[in-house]
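Paired with subunit B in one complex and with subunit C in the other, subunit A is shared by the two complexes that follow.
Take a look at the complex of A and B:
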């Protein structure tokens, strides 16, 4: 009996391995192998242009931190993020709060705000470039009709990062709004009733006493994923500016792409990728720490 | 009897007064903000579709009109669909997206089931790996993946375009969470009835998981249709160009027929909008499921 059960358990374990085998092999080939390989490659001077390579230790990393292009890309990414992150967080939160209580129009508004999330950003980038056109674009026509100076949004080094941030905001706000809406729906109604008994019946009181603390896990998730998204800015740069004008929109991921797939400096581009991996690790750590603190308090 | 009219008039007045009381400055501002936001969200589409119906010289007209002054929609769309290789680009995108989705489902559903319902050594390590990989984007691993494909001379193939996405750790995690809620008693009863483990997956688990499968399918299809980064790296010829990648050509004044350019942009964007509108609930469920991981 126990032998039969033992063999049954063994058969079931074998079957479990068969079920997870395809996925496990692919995870090894697509994630684990390449992550080890990219760390390994970052310690070499490998370029695709010639065969063979030698180990250079941490040379790629010292070169990276001394590289003016890397500093420029990092600076551009941070400036872009400074435009992008507050809007991506607070506008989405505002929209979620504003539409969650509406019975009428709620689903219509949800669809309208969400539409940009599904759209092909590479195609819509062309539309935005036309809207932002320095001479004949709809936005500049509107500005001049109010008596303002026209702005060369994508051609002016002082404006290009803000303009790219605006396009990114357009494409991500609906996504974050849906996450916030899900978080808001999960807050139990009776907490609001309890707060009302305690005298918090003004909407602002209710927000700070109940909504904001209860929404914290969602907020942390949105803040962390949006921060990583800010470092992944690529499509609009590749389609519209190619890093220009005068490298003022050459952001981190675009620089990595150029080094790897235009100049084929694989060792150096690998070091940049590892830097990105480290950054993601830090963000994941922040998320874990913040959500742990929430649970303990 | 005499106060009956009084009662009805108060009952009529009450909702009106309540509605009026809710019309405050704050509420009005919120409505204005929502209206303006919705207009900004939608206007690029209106502009795109409108421009796709216009002749080139009208696209950048100073006085923008939604309906074209001279209609060129037929020429523009005819140009895109019959004179340019857009049917090929759209077909490439469809093949790649469906191929990715098929492999993702075939690998993730059994793995998700095993992680949720079967006990085996190493399952904790596998689950930990899956969760860790959730945060790793293609941008980190693209260099080794590209070099591997170069060594195997597989660049510019459908396989290369699909390979990095053939396993979705997100799908494995999603299905594992979904299957966890499936009652063990039903599975045990099926085993007693002589169902094999494969039959249980195909005949019990998959049908119960259809909502999750639908949500993930829409999510995956849209994500890979819109992907620019990986096709830009591995596609080298016109024969393998995807619809989204073709948008790169317009940056270098590839087509100075602006009306036709925006007809092309419309043809690429509209399928995803339709997918979203038809599967809105699934899609949004797919998004919110990303928010509840952990």
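Take a look at the complex of A and C:
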């Protein structure tokens, strides 16, 4: 009997392994494999212009922390994020709250705000470049018609990160808004009824007593994914500024691209990528820990 | 402490009229149940009383003052929701303190993080906490105050919802099917607790339920709603023994009342092949419905006759439900196709030597005309003129 049961258990285990095998192989090939390869490459002096490579240990990492370009890219990314994150979070939340209570036009407004998400950002960046042009741009024409000085949005080191953040905001607000709307829809109606009975009928009370705490899981998700998006800024920089003027828009991922594909320092670019991976991992970890924990008021 | 008065309440959603003119007066300290099948509009009516919905027509008054423009807060009503509607992110204590915080603290002290910045309200906050503890002790949930609703059982959540309603001394206590999420045993227990709560507080209770047993056992008066209209308002015994219409008779009582087709004849009516004389004024030849409660039906010859004529019908047994102390007998009446005649038979009926387990397949069931109620084809009750309830005793005859 026990022998028969043992073989049944073994057969079941074999079947289970067989069933997860395709997915496991794909995950290994697509995710785990490249990560190992990048970590491996970051420990070498591999370049695209020379055959062969040799191990250099942690030299790429020590060089990275001494590199002025790395510090510059990190600083630029943080400044950009400081423009981008609050807007991407609070404007989206405000729009979601404003749209949610509307019966008419809700779906129309949803589609309108979501449209930028569906567009190809690299192509739309050119439209933004035209709008933000320092001489013929619509925005500057409007500013000068009010008697203001024209601003060279993409050519002025003091403005370029804010301008890039504005373009990114345009492209992400609709997406975050839809996430917030989904979170708002999931709040049970009868909690608002209970709040009304309990005397919390003022909009401010309703927001702080019910909406905001009930929206916490969505907020954490939006905050974390938006932060990751902020660190992934690349395509508008590549299309519009190429890191300029004077490296003032050279953000982290663009620097990695430059090192790898312009200067062919693949080993060093790999080290930058590993650093980036670690950064994203921290954010992902925060999200997982917070969403697992019970929500506190 | 409050009287509640509803005047001609009408309410439609989209094109569907949910409430078709409800007029109802509830006395101070009364426990009234709004009972009806799902979709009859009883929950909507409760929400209108609470101020969560606004009627298209009609008026709600509390203590004689119209409150149609007043918010739920201003009406000072407490409400217990079907799924309790506890705030999942707050502890039990915070849930229960909510109405007090909203009622007593000004906005600047209510905003998040203002606890430390408004030390002047500390005594008030302590007072609120003490009050919450007092109510929690009454409901025996004081050991749960620091838990979140997700960590509580269904019965405990129910108590927290009651507690949140109780802390504020409301004018009206509204309950929307508060027992429907509890298991059967707990339901009976909480039912009793709610009745005691009503007796102890003396508040006016409006209780919505689809369960006629709850309505019958708990309330002073029952208001039966059907398709947006009030069919009858009265004491549980009024609705059970003296229903105004066939719909009321059918809704109240389990197993359902037996309904037999009958024809009016001179001086009485005919059911099956029997003529029964009654003092009612009946329209000759009209179709009638004869309704008799299952406990009024007995096995023919088993009970001691009271000398009056009995209605006796030949039936075929189709099923038996043994409930322990009693048996529900299901039968098909011969000659009246599609009519299910149910009899509720007591096993321990005094002095009756009847082997209920071995009833023959074909048997005769009988009932006294006195335990019958007559209804017109429209479903309206036909009463015996001035005699009314007097000739139709409310206590029904049972076996023996």
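Descriptive notes on the structure:
The criterion applied here is as follows: the second predicted complex is superposed on the first by the 269 of 297 C-alpha atoms of A that agree within 3 Å, B and C clash if a C-alpha of one lies under 4 Å from a C-alpha of the other, contacts with A are read in each partner's own complex, and residues count from 1 in each chain.
FYI, contacts are C-beta pairs under 8 Å (C-beta built on N, C-alpha and C of every residue); 3 or more make two chains touch, one makes a residue touch a chain.
All values derive from a computational prediction rather than experimental measurement.
Once the complexes are laid over each other on subunit A, subunit B and subunit C both fit without any clash.
Between subunit B and subunit C, B touches the greater number of residues of subunit A. Touch criterion not met for A:263: it reaches neither subunit B nor subunit C. In the superposition on chain A, A:120 makes contact with subunit B only, not with subunit C.
Of the two partner chains placed around the shared chain by superposition, subunit C is the only one that A:191 touches, whereas subunit B remains out of contact.
Of the two partner chains placed around the shared chain by superposition, subunit B is the only one that A:141 touches, whereas subunit C remains out of contact. Contacts of A:90 after superposition: neither subunit B nor subunit C is touched.
For the overlaid pair of complexes, the smallest distance between C-alpha atoms of subunit B and those of subunit C rounds to 8 Å. Residues 12-13, 15-17, 19-20, 22-24, 26-27, 30-35, 37-38, 41, 48, 91, 94-95, 98-99, 109-128, 130-131, 133, 136-138, 141, 170, 173-175, 178-179, 182-183, 218, 221-222, 228, 232, 234-235, 238-240, 242, 253, 256-257, 260-261, 266, 269-270, 273-274, 276-277, 280, 283-284, 291 of subunit A are the ones touching subunit B in the complex.
The part of subunit C that touches subunit A in the complex is made up of residues 47, 50-52, 71-73, 77-79, 81, 83, 85-90, 94, 98-99, 102-103, 107, 110-112, 148, 150, 164.
If you check the complex, the residues on subunit B that touch subunit A are 30, 33-34, 37-38, 40-45, 47-48, 51, 59-62, 64, 106-108, 110-111, 113-115, 118-121, 123, 126, 129-130, 133, 135-137, 139-148, 150, 163-164, 166-167, 169, 172, 197, 201, 222, 225-226, 228-229, 232-233, 243-245, 247-248, 250-251, 258, 261-262, 264-265, 268-269, 272-273, 275-277, 280, 283-284, 287-288, 290-292, 294.
Every residue of subunit A that touches subunit C in the complex is listed here, in rising order: 188, 190-191, 193-202, 204-205, 208-210, 212-214, 216, 294-297.
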